[in-house]
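Here chain A shows up in two complexes: once beside chain B, once beside chain C.
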Partner chain A sequence: MSLPRTRLEGPGGEVVIADDEPFVLIGERINPTGRRRLTEELIAGDMTTVRDDARRQVEAGARVLDLNAGIPGFDEPAMLAAVVRAVREVVDVPLCIDSSTPEALEAAVPLAEGKVLINSVTAEERSLERLLPLVARFGAAVIGMANDEQGISMDPERRLAAARRIVEAAADHGIDRADVIIDPLTMPVGAASDAATSLLATVRLVREELGVNVSCGASNVSFGMPARPEIDAAFLAIAIAAGMNAAIANPLHREVRKAVLATDVLLGRDPAGARWIADHRAEAAARGG
Partner chain B sequence: MAHDLEILQQALIAADPGEALAATERLLAAGVAPTTILEEGMAAAMFELGERWKRGEAFLPEVVASAEVFKRCNELVEPALLATRDPDAEANALVVLATVKGDLHDLGKNMVAAMLRTSGFDVLDLGKDVSADRIVEVVREQAPQIVGLSALLTTTVPYQETVIRRLEDAGLRDAVKVMVGGAPVTPEWAERIGADGYANNAPEAVEIARKLVGAPQ
Partner chain C sequence: MSLPRTRLEGPGGEVVIADDEPFVLIGERINPTGRRRLTEELIAGDMTTVRDDARRQVEAGARVLDLNAGIPGFDEPAMLAAVVRAVREVVDVPLCIDSSTPEALEAAVPLAEGKVLINSVTAEERSLERLLPLVARFGAAVIGMANDEQGISMDPERRLAAARRIVEAAADHGIDRADVIIDPLTMPVGAASDAATSLLATVRLVREELGVNVSCGASNVSFGMPARPEIDAAFLAIAIAAGMNAAIANPLHREVRKAVLATDVLLGRDPAGARWIADHRAEAAARGG
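What follows is the complex of A and B.
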């Protein structure tokens, strides 16, 4: 089955997630979870790090930016709106609005300009009912996490069933299949040896059975391991080969950025290696070489 | 005995179940107090492992494996511990622990469970990905003094509030103290959702639990 093309758009133009397009790296850095300084700045209304991270990630090859402003106990709608405004001052790529709170999405999505990706719904009835009407109204695309009321299963078939529920519910809300991206859920390989293989199996199943694009939060796979960027890089290469066309990851790690570019060359998504060579020259120039 | 405590510590850190269980059995057979085995052998090892984790010297598969061995040693020690416990001690309070629904991160919660047990609390660990329904049901049936809620994701932290509201709806909120924890959780959040306590790590969770049941510090 040929997959539909998921089109996102920012003021600078569109980005397409599809088999015959370059892999789409969604920059993960603008997220206060586990980032003490960013958390303190967001609480103080200081957008310095947000702007820096936006600029640096796009320079490093992020083609979409994930924006998260979830700090328990604080005003997420206001904070997320402020983050979107700050990011829009410095970059023009499409945005991935990372919130499961309708109020925060209402506040942030209209400021994002263009066609956004909403991150995320789950297969839980409550999540689907609360968020899909908003996705439809904003004409947005949406990431569906493959877990349901029963929680997160390690069984690819159960994840597929959750994904199917999301795809069907989206259709009921008039959302185009092309605008649904399934996240098969990345678990740390350090906690379960089959975390990555079961994810890859889910990627293949979701593509074959549901015919939708697949994305994931890649960095979680290496949680608790040494040399995380190297694991993330290898993971991205095999996930892309299995049919994943986008992922939320950290482009500021050179290993990650290079792995994505190299995989595109190897899979014929970078004709004549033009982007690979351009990246090499840009690095050489930056070194003063 | 000191030697076997040392062996137990090293075996736990190395996640060697054979050595760890054998040392635990020898210590119990020699009549060493179960609290001593827990505190000076098992908890000391997990504390050391936690320090190595923080320094980036121990890694997730190792911690998971050690936690598993800890659990098995604990199964040996727990019956002895219960047999020696002073039934009148205030710290004999029951604590129900859960990682909230949608969240599979249970290492921190398991450490809290172990530390609480070590400190003389009875612990009923409901596991991970636990629904508010289940927690309400257990609070109703077991009447614990404390419920501890762990959440490691920004998307699951709000569920701590859901559980508290559900306890209120069930008319059980005043019957139990609620403490919350997890990496994204802050003291401000705990206060806002009306939790009775917040802990940043396992030893702190024990302190807070003691405070909540009015035990001497």
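What follows is the complex of A and C.
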């Protein structure tokens, strides 16, 4: 099955997720989970770190930014809207609105300008019913996590079944196959030694059987291990070569940025290494400055 | 076809190249090509750098050492024998004797102790006829480069045909399939954007069609590009995931060492990340010391 091209758009232009395009790194940093200072700033309505992270991630090669403002007990719709506004003051890339709360999406998506990616639905009936009508109404693309009411399976065939349910439910809502990106679920390899191999098998199955693009939250693979960016880097290289065309990861880790750029060179997605050489020169210039 | 296990041996024990073993990094440094100081030392009979490189590579995770002493115009048999003797004074890992000169192999292999890897034959008739009898006599394993009289093809099917010729000729000399490792040929990606994808396709074909282990000279992929270790690292991660169980590379580049160790974690070849964590602790201790 030939893979469709998933088109996202921001004020600065479009970004396409496809086999013949450069890999799309979605910057993960604007997320209060585990970030105390960012959490405190968001609660205080201070967007300093949000703006800095937006700028720095785009400079480091993020072509889309994931925005999450979920802090238990606080007003997610208002906070997410404020984050979108702040990010739009400083960068013009497409946005990935990271919420499963309809009210937060209602508040944030219209401020994002262009065609957003909504992160995420699961194969659970309640998730599909609540969120897919919104995805359709906004003309957005959506990330579908390959888990269902039974939770997360380590069996690639069961993940495929959950992914199939999402793709079919999306079609029922008039959402094009090109606008569904499946996340095969990244589990920590420190907890399950087949975490990465199970993911890679799911990537291949989802591509072959459902013919949709695949993305994942890459950093989770190294959770609990030392030297995490080095694991994330090797994981991204392998997953991209297996057919993953986008991932949510941290472009501020040099290992991650370099792995993504090097893999584009190796897979023939950076002819003559033009972007690789430009990145090298930018690094040299930054050291010199 | 199930892959055989390629067993090498040094005085310190055996190293096995196989799908269910950790990846085998073969240290590339003891090679005068492009190394002026090493060249001058070898000519003067000074083994200081040879011994240092042997020790440092093994400390950095090389489980086999490639030894090359080819300097045009000099006595390769005597020089290679001297290198083997010097290396054996300091490390006990299996050796990969890197010469296509029968006289050099005659002089060096008997000094190596254990079961060596000979690097390399090609599918050219003259190479097979000169070298395979020696491989058989020494009870060695051999690397077969997938090129023939027509040179190096970018077509994976033509590389497979050359590899098949080597495996068949080896069988004619009584050499077991387990003792033939095919090198699918690593071309610089800066010169041909399909260099890595062609290699990966050949890795899969050779495994499926011939059922033999695959190794390569990894560093060549980044020839002519800046930031070479970062490209080599991504390349190794991808190639290992595609089924390559050994490679000749530079373990002294941290990016390379980390990519190999991380890929073992990701592929389930380092249960609970024990070796990954040990490497991290050794690095921390080295920084502390």
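Just a few scattered comments:
Keep this in mind: the second predicted complex is superposed on the first by the 288 of 289 C-alpha atoms of A that agree within 3 Å, B and C clash if a C-alpha of one lies under 4 Å from a C-alpha of the other, contacts with A are read in each partner's own complex, and residues count from 1 in each chain.
Here, a contact is a pair of C-beta atoms (placed from the backbone, for glycine too) under 8 Å apart; a residue touches a chain by one contact, two chains touch by 3 or more.
What you see is a predicted model; the values in this text were computed from it and never measured.
Within the superposed three-chain arrangement, the count of touched residues of chain A is higher for C, of the candidates chain B and chain C. Once chain A of one complex is fitted onto chain A of the other, the partner contacts of A:265 are limited to chain C, with no touch recorded for chain B.
When both complexes are overlaid on chain A, the residue A:30 reaches neither chain B nor chain C.
Of the two partner chains, chain B is the only one touched by A:70; chain C is not.
Shared-chain residue A:147: touches chain B; no touch with chain C. In the superposed model, A:100 lies in contact with chain B only, and not with chain C.
Of the two partner chains placed by the overlay, only chain C lies in contact with A:200; chain B stays clear of it. Contacts of A:190 after superposition: both chain B and chain C are touched. Look at A:225: by the touch rule set out above, it reaches both chain B and chain C.
Of the two partner chains, chain C is the only one that A:235 touches; chain B does not reach it.
On chain A, the surface touched by chain B in one complex and the surface touched by chain C in the other have residues 190, 225-226 in common. Residue ranges of chain A in contact with chain B, taken from their complex: 32-34, 68, 70-74, 100, 122, 147, 151-152, 187-188, 190-191, 223-226.
Those residues of chain C lying in contact with chain A across their complex are 189-190, 193-194, 196-197, 200, 221, 225-227, 230-231, 233-235, 237-238, 241-242, 255, 258-259, 262-263, 265-268, 271-273, 276-277, 280.
Per the touch definition, chain B reaches chain A in the complex via residues 56, 59-61, 63-64, 101-102, 104, 129, 153-155, 157-158, 183-186, 188-189, 191-193.
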